[in-house]
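Below is one structure, written out as structure tokens; the observations come after it.
Chain lettering (A, B, C and D) follows the sequence in which the chains are written, and residue indices restart at 1 in each chain.
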Amino acid sequence: MTRIVYFAWVRERIGKNEEQIELPAGVRTGSDLLSHLKSLGDEYAYALEHETAIRIAVDQEHVEHDEPLGSAREIALFPPMTGG
Amino acid sequence: MTRIVYFAWVRERIGKNEEQIELPAGVRTGSDLLSHLKSLGDEYAYALEHETAIRIAVDQEHVEHDEPLGSAREIALFPPMTGG
Amino acid sequence: MPAGAAVALTVRIQTQDFDAAAECAALTAGRADIGALVTFTGLCRDEGGTLAALELEHYPGMAEAEITRICRTAIERFGLSGITAVHRIGRIAPGANIVLVIAAAPHRHAAFDGASFVMDFLKTSAPFWKKEHRADGRAGDWVDARESDARARAAWSRQPSGG
Amino acid sequence: MPAGAAVALTVRIQTQDFDAAAECAALTAGRADIGALVTFTGLCRDEGGTLAALELEHYPGMAEAEITRICRTAIERFGLSGITAVHRIGRIAPGANIVLVIAAAPHRHAAFDGASFVMDFLKTSAPFWKKEHRADGRAGDWVDARESDARARAAWSRQPSGG
């Protein structure tokens, strides 16, 4: 099981802060994960509609969509950051 | 009579903070003033030896050596500035 | 910076306000090798009266880690004596503080570059998000990322190291 | 900056220390259109223990006038909401404050550019001079102007306006 956490409008649209998900064997990269999540329901499809607007962090470090997720314990999905 | 004021090592070398000087008719620019002052004594010649190192302000505004002094009330001579 | 001189790094995320003067004093305490201190304070604007407040959300753990990574990069690149970075979260009213970055260095250009670099990277890669609460009571939007922030960050890859 | 927004300009030369926090508070008081505050503090370094103090001399009248001219140029060029500049004179010990420049703006790049611009021009054209008092009691020298300061100033003529 992998912990998936959501922030900002990704969190609002999916309707939860986090969840534990068993990732299918075919999910190797961030892009694979987005495709898988979008198959789970309308709220996911809506939240992740514009894939290029979604940022991904693996174990609290930024990764590109095409990077392997490896043996991630925690994967975060969120919009572009607007702090500062 | 024109008020001439000195700062930092120019002041120390000339040995006075300021003085009133009657400028000869031939003194039209900053360069003319430096030449005139250097004729007044060894302390002036020493203080103003390296003319390019001397900055000139007329009525509290920077001027280049070749600018006319006009009807200056106060002319200041000083080294390159080192504030801040 | 002379070899062996201490480098001070403080990173904090907090709901309460910060005290820039106290943070500056802590950063420079007992040191006479610091010639320049550049302090950036980011404040909440009222956007011409339309904004009631900003709500700041963050990713706990990663936010601290990412700001720390950015500060370490700045310290190395610009030869800084130290950095203090404090970011607030929660509800922030117009006129109130959001973020503080203090960069200390022997000379001023390193301190300016260091504080500016940290802000440009913090804006684009530290996991914080702002939601608006509107003064007229209508539902506010999440603040959009600015293209100009991405360009500012990218510019640091194109220029020679300062300091 | 919206048309009609107030621009605050304060320039002071004084022997006593300044309070950066109080100056920041005064500059931003009652305003919610300022999103960024960049504060530069220049401090006296001990130069590896060789320096007992700096003696700061200035040209009364012209020093205030020149800093005011520089600040007005920065306000215009970068669209600043205000600037506060305070320069100390007299004897200053290692670790103590020498100069304070605060630039306020709606956005951060204008504030960074404004404070940096004021410092680069203040260094090269505001009539102040520093003399060293050495820790070993030998006669100290007048501090030489730095070529890097002249280059930093000249760079502002080569780059497009920020803000």
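Keep in mind that, in the parts below, contacts are C-beta pairs under 8 Å (C-beta built on N, C-alpha and C of every residue); 3 or more make two chains touch, one makes a residue touch a chain.
All values reported here derive from a predicted model rather than from experimental measurement.
Just to check the components: without subunit C, which chains are still in contact with one another, directly or through others?
No subunit C: A | B, D.
Could you please state the distance in Å, as a whole number, between where the Cα atoms of subunit C are centred and where those of subunit D are centred?
Their C-alpha centroids are separated by 21 Å.
How far is the middle of subunit B from the middle of subunit D, if each middle is the mean of its Cα atoms, in Å?
Here the centre of subunit D sits 26 Å away from the centre of subunit B.
Just give me the whole-number Å value for how far the CA centre of subunit A lies from that of subunit B.
71
Give, as an integer number of Å, the spacing between the C-alpha centres of subunit D and subunit A.
47
Residues of subunit D touching 2+ other chains?
Within subunit D, residues 42, 108, 119 contact more than one other chain.
Would you give the residues of subunit B that are in contact with at least 2 other chains, written as numbers and ranges?
Counting only residues that touch two or more other chains, subunit B contributes 84.
Going by the touch definition at the top, which pairs of chains touch each other?
A-C, B-D, C-D
With touch defined as at the start, can you tell me which subunit A residues reach subunit C in the complex?
The touching residues are 5, 7-9, 57, 60-62, 76, 78-84.
Which of the residues in subunit C end up touching subunit D in this complex?
Those in contact with subunit D are residues 2, 19-21, 24, 28, 31-46, 48, 94-95, 106, 108-109, 111-112, 115-116, 119, 152.
Can you tell me which positions in subunit D touch subunit B when the two form their complex?
Within the complex, subunit D touches subunit B at residues 42, 56-59, 61-63, 65-66, 87, 98-99, 119, 122-131, 142-145.
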